[in-house]
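Paired with chain B in one complex and with chain C in the other, chain A is shared by the two complexes that follow.
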Partner chain A sequence: MSSRRTLAPYLLLIPGLAPIIVLMTLVIGMAVSQSVTWTDVSGKVSLSLEAWRVTFESDQFWRAFLYSARIGTLGAILSVAFAYPVALWLRRPFAGSDLVSALIKAPILVHGLVAAFLYVNFVSFQGFLNVALVGLGLAARPIRMQNDPYAIGVVVLQVWKNMPLAFLILSGSVRAISDDVLNAARDLGAGTFGRLRRVVLPLTLRSLQAALIIIFIGAAGDYTFQAVAGPTSLNSMAQFMVRMETDNGLQGVSLAAVVAVMLMGLSLCGSILLAGLMQFLVKRAGR
Partner chain B sequence: MVSDAPALRVENASLRYDRFQALNAVSFSARKGELVTLLGPSGCGKTTLLRAIAGFVPLDSGRVEIEGQDMAGIPPERRDTAMCFQSYALFPHLTVADNIGFGLRQKRLSGSAMTARVEEVAAQVRLSAQLERLPAQLSGGQQQRVALARAMAVRPGVMLFDEPLSNLDAKLRDQVRAEIRSLQRAQGFTAVYVTHDQAEALAMSDLVVVMRAGVVEQMGAPEDIYRRPANRFVADFIGTANIMAAKVVAEDRTNGLYKVATPLGEAVVRSDVPPVAPHVYLCWRPEDARIVSHHETGSLQTNIYRLQVRSRTYLGNLVDLEAGRGESDGESWRIQTHGLGHGASAVNPGDTMTIEIAPERFRFLNEAVT
Partner chain C sequence: MATLFRPAERWRNRALILFALVLFFFALVLPFGMAVLWSLVDPSHPWAYPNVLPPVLSFRRWVEIWTTTGLQQALVNSYTVALTVSIATILLALPTAFAFGRMEFRGKAAAQVLTLLPLAMPLFVLAIFYVTILSKLGIYSRFLGIAIGHTVCLLPYAIRLLTVSFSGVRQDLIDAARDLGASRLTVFRHAYLPVLKPGLLAALIIVFILSIEEFAISYIVGAPDFTTVPTILFSYLGYNFIRPSAAAVSLILVVPNVLLMLIAERLLKSAGASGAAGKG
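Take a look at the complex of A and B:
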């Protein structure tokens, strides 16, 4: 009877967990198996690490890897950095706070591709921003901002698109901190920064980590923003994966699979690093 | 040890939220080492007053002085107060030791001094074995003691308690109440204690401040408040009271004797304080009446009333009777007598009994009948 009782909750989890585990296993398994199966032009298939060797020897791959890691990290950190103070500010309702909150969440409704085209139009040579800068006398002639080599445009789009997501995650946990807990800290001598460091940040650490991880994974694997607004001299990992698949004939599948496995590895390692870094910083700040 | 120097003084504190007057010219003071209770029903302003003392809400007018210093413009983190919250408000991510040491860390105590203080306070509240636990791993009573230890650790000038026992069960409440009072006496800290439980207020306080609708109705020692309530609200709120409209028909002020007509019958009242008007409210407590036996009635002459019992409730140590002059109409009065006492076990609903109320047991309230 007791073993049945113990088993029952696990059985109830199966409908939810099983599809996740099956799909994850299939995706990872297929990507890994394809990455080690080298197919040559004759259609001969053999187990091989050739695709890994070719990919790892490619400078373009490593540039794409570092580029995606950089965009993912910057996108995640900046989105959270912008969303966190707003979430704190909107913690207690005030006149107009619902409107501000709704405006912050509005970018969720705009598709990434649409946002990217809007941004490109906005910063293009004849776009609104350049016209305004010249018209206001702030610039003598239009400035080239479209597809900038530092990927500022991509980071801006990532932050614009992901900040609402970070805000949604963070605002819930910030609001969950009771006034009494903050008042108790205040009553015991903690000023604004003391309360932030020693109460608010530790109590919202899990949400901060969740927001960073979710945004990092999305931003590191971005294709849309990069393809429309990114630098033309660089590829993101997703872009590089597609290029490998289309430019290399039959071997393309294996090469793309290697990039896919590396992208998943980047997501995993980057998430762990960011979450760990955040935990370290919060604990250090709380000391 | 209570000293004459005031540790806390509240003068004409007033606060308004839109149309709601939360506090209206409230004044009281607490001497060093004294435990003052703010007592009143929900919404009377007692918690608001406590939060104003802590600095969480600014007053519209009036002042709060702690150790002679005006607190106007001083934020809570710089006031010499520490509060025990109704919800405990423990920091869930910190261990018991870190919770207790939170305020000490803010005061930048050295590591060894802080550890020593935390251990000392934890021992006082019997939490030495739980120092490494998180609040979620503690019982309600233990969490309450952590909150108390956390506030005590910073050795504040004034300790503020916001209904700290309301989340505990009855037995634990009695135990923690006794612990708080004994610690307060031993440590000698000044405390302001908010409660709506009159038994708690009477049991713990040096001074009780009874509040209603943002106004102080009466303040005094627990016994004074109970024995000499100022008005109908205080008489009714503190314990159970029989309140009657009375008309003074004869008076002998020299001897403090008054003859009054009441719905209970004619009564002789002995009072040091004369009635405020010829038509005045008169109060007596349920335990002030004594059920008298048939053979006694002949020898008694004053304040003897024959009443019919309407209901009888056995409360273990007490028997609570509701009785009136007729069977069901007219006013009724509460009479409480010891369960084993004379007459209590013999009377049942419908029976007629004779009660005696000694003249000094009646109190005139400072409230005229209008």
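Take a look at the complex of A and C:
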């Protein structure tokens, strides 16, 4: 009876957890193993680091790697930077705060591809922005802003889509800070900025890190925003991986596998770095 | 509530609310308004510079998309996959959520973290190597491939939502029902089900919507002949950019999902309320 009881929760975990662990293990295992195999022109498969050599010698790969790292970092930092003050503002409910909160969360309901289309439509030759610029006399004729070479559009889309997510994560922890704690800090002489640095930021550090990590992973692995609104001369890592797989025949899977492993590495290392940086900044601000 | 704020704060709040409304207008209302306009541009009267508004509006584009493209099949595919995925996901998530929500055991926290793995994996990486796994396993049905992929990727959402629902069931109600001699089924019907029902429906709707919206797996596994609404939208946004068609498909993708999501949010709020109030 006792052993049945001890085993029961683990048996109940199987239907939900086992498919996740099996699929993730298979996918990671497949990516790593494919990255160290190479198929020659005759179709013979052998263990080799050739795919790594070819990928690392490719300028396009490093451009894609740095580009995804940049988009992930900018997307995560800007989304959190915009969401944090709003979460602080809406910490205490007031007339209209529920409305603002609902408006901020609205982009979560919009599919990424639809968001990309709305953006492209907004900045296109016939879009509102160009019509307004020409109408206001700020431009003589429409300006080409679609697929801009600096990827400003992609960053705008990342922030547009992820800021509500950051707000959702941050607002919970900001609201959990009790007034008693803040009043105690005030009684001890801390001003508004002092309370923010020494009380609010440390108490919301975990949420800040969680928001940064979730957004960074999503933005670094982005495909749709880049494909629709990104610069045409650059690839994101996901886009580059798909291209490697489709354009390189027999060696395509191995080359895509190297990019996949590097993308997973970027997600992991970037997340750790951002979380560490946030911890360092919050601790430093609290001194 | 408003009396807690000083007059200066009240004015600041009003100004900020106004700013938020203006921002919302430019970030969402206007772009969607333009999408509606583009979807209504008459094919024989194109909307081009310097016209500020479309010269002729009509539903011809909607009729054309509905009758001459693969949209109908894409809708059938999307909704069939989503229905299968939402039922399968809930059935798989229920026992696990029960364990997380009602039981204490060693390794619980680690197991909860492991359920979040699909959220940490870049979806295109998953999709590309998932296809390789499917072909090695000899699974060539695109429907089945997409359904399995979606189910695994959406399990974290269902497990999380149902865990919260299970933990909201009051132990004293369960004990009272048992003390009164209720069978297991009666205990489930009277103590569990009323609290679980809103969370269960919300999880069902959220998984359904996320499956309809999922792009990476549907695009990679489904290519080239199994289309879903997002993959058909992507085809209109790629090299072959057909703006009026993209506008119409965008609206078809967003509007039903927003309505369903609002229902899910309402259900989740009522689940939270009934859990907190101990109703049921």
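Note that the second predicted complex is superposed on the first by the 265 of 287 C-alpha atoms of A that agree within 3 Å, B and C clash if a C-alpha of one lies under 4 Å from a C-alpha of the other, contacts with A are read in each partner's own complex, and residues count from 1 in each chain.
Basically, a contact is a pair of C-beta atoms (placed from the backbone, for glycine too) under 8 Å apart; a residue touches a chain by one contact, two chains touch by 3 or more.
Every value quoted in this text rests on a predicted model; they were computed, and no experiment measured them.
Chain A is touched at more residues by one of its partners, and among chain B and chain C that partner is C.
Contacts of A:D187 after superposition: chain B is touched, whereas chain C is not reached. Touch criterion met: A:R198 reaches chain B, while chain C stays clear of it. In the superposition on chain A, A:L47 makes contact with neither chain B nor chain C. In the overlay built on the shared chain, the residue A:A140 is in contact with neither chain B nor chain C. Chain contact summary for the complex, chain A toward chain B: residues 178, 180-181, 183-191, 194, 198-199, 202-203.
Those residues of chain B lying in contact with chain A across their complex are 54, 56, 75-79, 81-83, 85-87, 89-93, 102-103, 105-107, 150-151, 154.
Considering their complex, residues 6, 8-10, 12-17, 19-21, 23-24, 26-27, 30-31, 34, 89, 92-97, 99-100, 103-104, 106-107, 109-114, 116-122, 124-128, 131, 134-135, 141-142, 160, 214, 217, 220-221, 223-224, 227-228, 237-238, 241-242, 245, 253, 256-257, 260, 263-264, 267 of chain A touch chain C.
Chain contact summary for the complex, chain C toward chain A: residues 1-2, 4-5, 10, 13-14, 16-17, 20-21, 24, 27-28, 30-32, 34-35, 38, 47-50, 52, 91-99, 103, 105, 108, 111, 114-115, 117-126, 128-130, 132-133, 149, 151-152, 155-156, 159, 213, 215-216, 220, 230, 233-234, 237-238, 243, 246-247, 250, 253-254, 257-258, 261.
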